[in-house]
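Okay, got some structures for you below.
Below, chain A partners chain B and then partners chain C, in two separate complexes.
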Partner chain A sequence: MNRRVVLWISIAVLCIYIGIALAAPLIAPSGPTAITGKPLEPPGAGHLFGTNDVGQDIFAQLVFGARITLLFGFFSASLSVLISTSVGIAIGYYGGIVDEVVSRAIDVFMPIPVFPLLIVLTTFFSPGIIQISILMGVLGSIHGIRIIRSQVLSVAQTYFVEGARAIGASDVHIMSRHILPNVMPLVMAKFVSSSQHLLVMGVGLSFIGIWDTTTVDWGTMIQNAYSSGGMALGLWWWILPPGIAVVGISLALAMIGYSFEEQFNPRVGVNRL
Partner chain B sequence: MIHNGDFQRPAGPLLSVTGLRVRFPTRPEECVRAVDRVDLAIACGEHVALIGESGCGKTVLGLAVMGLLPVNAKTRGEIRFRDCDLRAMDEPALQRIRGKEIAMVMQNSANSLNPVMKVGRQIAEPLRVHNILPATEAQDEAVRLLAAMGFADPAQAAERYPHEFSGGMRERILVAIALSARPDLVIADEPTSGLDAVVKAQILRLIKDQMAERTLLLITHDLGTAGYLCNRLVVMYAGEIVEEGPTDELLAMPRHPYTQGLLASLPSSGFHPIPGMSPSAADLPAGCRFFPRCCCVKEQCRQNHPPLIPIGHNRKVRCHRYD
Partner chain C sequence: MPVISSRYLIRRLGYSGVSFLVCVTLTFFLLHLMPGDYITNYLLWLANKVPKEAVDQFYQQFGLNLPLTDQYILYIVNILHGQWGYSYAYGLPVFSMIVEKLCWSLVLLLPSTVFGILVGTAIGAWSGWRSGSRRDLAVFNIMIVFRAIPEFWWAIMAVMVFSFYLRWFPLGGYSSISILSAGLSIPDVLYHAILPILLMTFFIATGNYYVMRSSMIEVIGEDYITTARAKGLDEQSVLWRHALKNALLPMVTLTTFQCAAIIMGNVFIETVFSWPGIGYMTTEALRLRDLPLLEGIFLLDSLLTIGAMLLADILVTVIDPRIRMGTDE
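Up next is the complex of A and B:
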């Protein structure tokens, strides 16, 4: 299929998800925790996706769960990109001993898998969603720092940065007005791929019950269904909706990320998008 | 400074470089002597060309004046601009001078513009950085400068990105950036490199017009460009000044064998290259730095490094033939 069509479909899917999350109280006025029916009702007229073991509407949970899941993904991705962009630009531009120390620290942290590290770290900290998303933002920024730093290194050597210094521009001015716009495409691509990555990781964390299990998000929905025997009893309407929702958003973000990368990475053909 | 008679302006030179040395350490116990004991004074309104082949230290000298040398450079000597000792200044103070008092037209026009910033904004940038004009007026000034640089539709050109312009147009944009904050001294580093003869002639005429009331330090390897734009020539070889004097006198009667060789190597005088290569700045000959390539070596040339000796009232040459 044409890449451009895939990109626009993905953007449309993303917009639908965001729209649903924003309009959740309008779409499902009863709320995610209200008991609106008998337990384990299959999909039908009153309940689009049926009910769970305590009679809560699965459709309402899905709609409200989108809020937490998306917010978590985008918040931690924003934080991660903010950190990696500012640190990457600063160490790439100034270089020297700070660059050396940060780069070696990154070399040490890079091979450590983030997911198990998160599980370990969350047992030390109080496992609120905010704390975990901050933690994930910080851990997720490590890879980005390295990518953005390497791009900054090549931009900082260019003649126009020298030219900016020759007109009396300060370091802050050069970094914000000259280097940042030149690494912005990379930052955008990194943001999209990070949000996909961190969103899925967030669902994974809530599925294994790392954070507050009373919040309603797609991970805890799957976890509830799984632990209450929904899987064994073949209650597909309980498991599938959150599962498909995760796959859908993840695919959409991945496709947008690939398209961005193709667009902005000179080594991948530009006209294919 | 030594004032010789009535010709000296009372304020003294605009820029004076005294005993400047720039070295780049390479290995322990070894360094590249890029600029060696250079004295240079430029009076207000003077147009001076620094001539020499690649690697003779002329660009390093320009960067040293701007305070833009790489951090590993070891600099000694004095650089005074008006009453300020540039070498003693800290970075924020230098930033207030760069672009506003001393501007530089960068070498390499193809890459010296930010690819993702509209050229109008880039020309207005010195005005914004130094807080000279508010944003909208700076933009108007950029359009006016583009018009002065010969752009047919300056308002539209200001809204374009660098890749939409040809090499000659980009060079003119670079000149506009350098001139936008109305600096007193402009250092132009090879402003016409890589341009064809017709475009080059246009740009040189433009620079000559724009520089009428400013001071220019031109850095070039091209005697033609230097002769056209400047009233005084300074010839550098292997990091030091070998000859200087007024343009017409120096071109009519070069004294140093290197300058003579440079003139003879011009296409118009028959393309006779100077034999040999210029020495590596890390491994300079003991005596005169030019002796391995010189046509008329004497015994003392191999042993003694010649001083820069004045000839007449306004010329200097570094050669034992004029001892």
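Up next is the complex of A and C:
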């Protein structure tokens, strides 16, 4: 069906983005900060997307910016899913006092708003990419622990888990070989949706100026172009490329996310009858 | 009759209290662990000029010579009294700065939240009721696309198209230059507010759309809807009397949250439009690394979110007789 086509196109787009990010030094050998032309040159033969206010090539910045933006999105999403899956499985499986303590702690931490907390913490710590993505991964995992836990609770009661325990399988073995595969679809769906969410949030945060100004990513590119009045002067080539790049990857991830959810979430499937 | 056991209510209140205490503790220790103390940060540009006696007096006044535990208790007491410290960058009390900016934010937030919730819920209900139809899927797919595009990018594009090329709206700010001669005029402020309000309405509506649609789909699958149809009710009364009422339940929680989250939700819009509200102040404070001010914004937001969670839980319990919080636990 055409939803399938959209899914494959989205996966292709994602692969292209990752390929560009990996091959950045080959595609744009001069690097993102080198001054290679006159300031504010419109797109042309020498500079595919023109240059910015100090004469840096926008295409090169875009290519290198992909590295930071993607790294940020995927790293923090991986961390967040890793934490929520492992903690969720552990507390769901062991239950009892462990579950009680962690669940109560989550009750306390859940209402604390993540976005302003992140801003406060990054003002305090040095605002490096790795630090911020670790913070975002940890803060973003709290909600996921609950979702995974409730799924694990229903799996942990099944006969195959009991059977595995009866033949003397260790806890670690049961959790990794019997429970994990059963929550894996949910974990994958969560991973895709949180990478989209966190990637966009990362670009947004850098748009409002969370990192130091020397970092080149799509958010700072948009921010530079916007605050220097690139738009009011009609310098569209300065502001459009990074924005379109964000929209592209965000759409691709959103489409993959929805396809995943349709596949694995029976409740969403109902409406496609 | 609504039933909330007082035990549940007290426990729920306790959790909310602990949550806020965690936030306050966090902000206290972050301020303390900051390199340099409060006074040197606060009097940054005066630090070398102010005589030592004056600095000592400040230490006395701010209670910085007390032991850490006393300072901590003092801090909590001050927070509860609305004394949230002084901004490093502006030297003004954080609380009054936030309150002033909050009024400006509300100019955008009130209309957009109300319209956004109404529009989103209405379209979501329609879409869920007709789920699976060609038109529902079309709307659903469009909403996915709308939602995937970041807020600040919508805002920038809107400014570019409607303000820069079409010149229908101003490029940003809250007032024209005439404010210098004629003072602040309400029509002028509204003229500046239209585009941001429309954009925020749009975001809130797309967010509500999903929840309402999936809630509607879930309700339609329930047995009582089949029963209602089986006893020969026409579709309109099934929709209005049975489906809609139940499908609106999750919206109560969502709406409460949205009312709390709107404070931070408009950081991007306010930044793009240079609207002088909390969101724009957050961006400015972040740029100036103004920790006390950011902490104040964080405390306000956590207070609102914690309150909203509490309110949502209680409201849902009161509205939905099937949920008996605390009695079945």
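Heads up, the rule we're going with is that the second predicted complex is superposed on the first by the 267 of 273 C-alpha atoms of A that agree within 3 Å, B and C clash if a C-alpha of one lies under 4 Å from a C-alpha of the other, contacts with A are read in each partner's own complex, and residues count from 1 in each chain.
Note that a residue touches a chain if its C-beta (ideal position, glycine included) is under 8 Å from a C-beta of that chain, and two chains touch if they have at least 3 such contacts.
Nothing here was measured: the structure is a model prediction, and the numbers come from that model.
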| item | value |
| --- | --- |
| Chain C versus chain B on the shared chain A, clash or fit after superposition | fit |
| Partner chain in contact with A:124 - chain B first, chain C second, else both or neither | second |
| Superposition-derived comparison: chain B or chain C, residues of chain A touched | C |
| Contacts of A:234 with chain B and chain C, given as first, second, both or neither | second |
| C-alpha centroid angle, chain C to chain B via chain A, nearest 10° | 100 |
| First, second, both or neither for A:8, with chain B first and chain C second | neither |
| Chain B versus chain C as contact partner of A:258, first or second or both or neither | second |
| Which of chain B and chain C A:250 touches, first, second, both or neither | second |
| Which superposed partner A:113 touches (first chain B, second chain C, both, neither) | second |
| Shortest CA-CA distance between chain B and chain C [superposed frame, angstrom] | 14 |
| Chain A positions touched by chain B in one structure and by chain C in the second | none |
| Contacting residues of chain A [partner chain B, same complex] | 158-160, 162-170, 173, 177-178, 181-182, 184 |
| Touching residues (chain side chain B, partner chain A) in the complex | 66, 68, 92, 94-100, 103-104, 106-108, 111-117, 125-126, 129-130, 174, 177, 181 |
| List of chain C residues in touch with chain A within their complex | 15-16, 18-19, 22-23, 26-27, 30, 33-34, 128, 131-132, 136, 144-145, 147-153, 156-157, 159-160, 164, 171, 214, 217-218, 221, 260-261, 264, 267-268, 271-272, 282-283, 286-287, 289-291, 294-295, 297-298, 301-302, 305-306, 309 |
| Interfacial residue positions of chain A with respect to chain C in the complex | 107-113, 115-117, 119-121, 123-124, 196, 200, 203-204, 207-210, 222, 226, 231-232, 234, 236, 239, 243, 246-247, 250-251, 253-255, 258, 267-268, 270-273 |
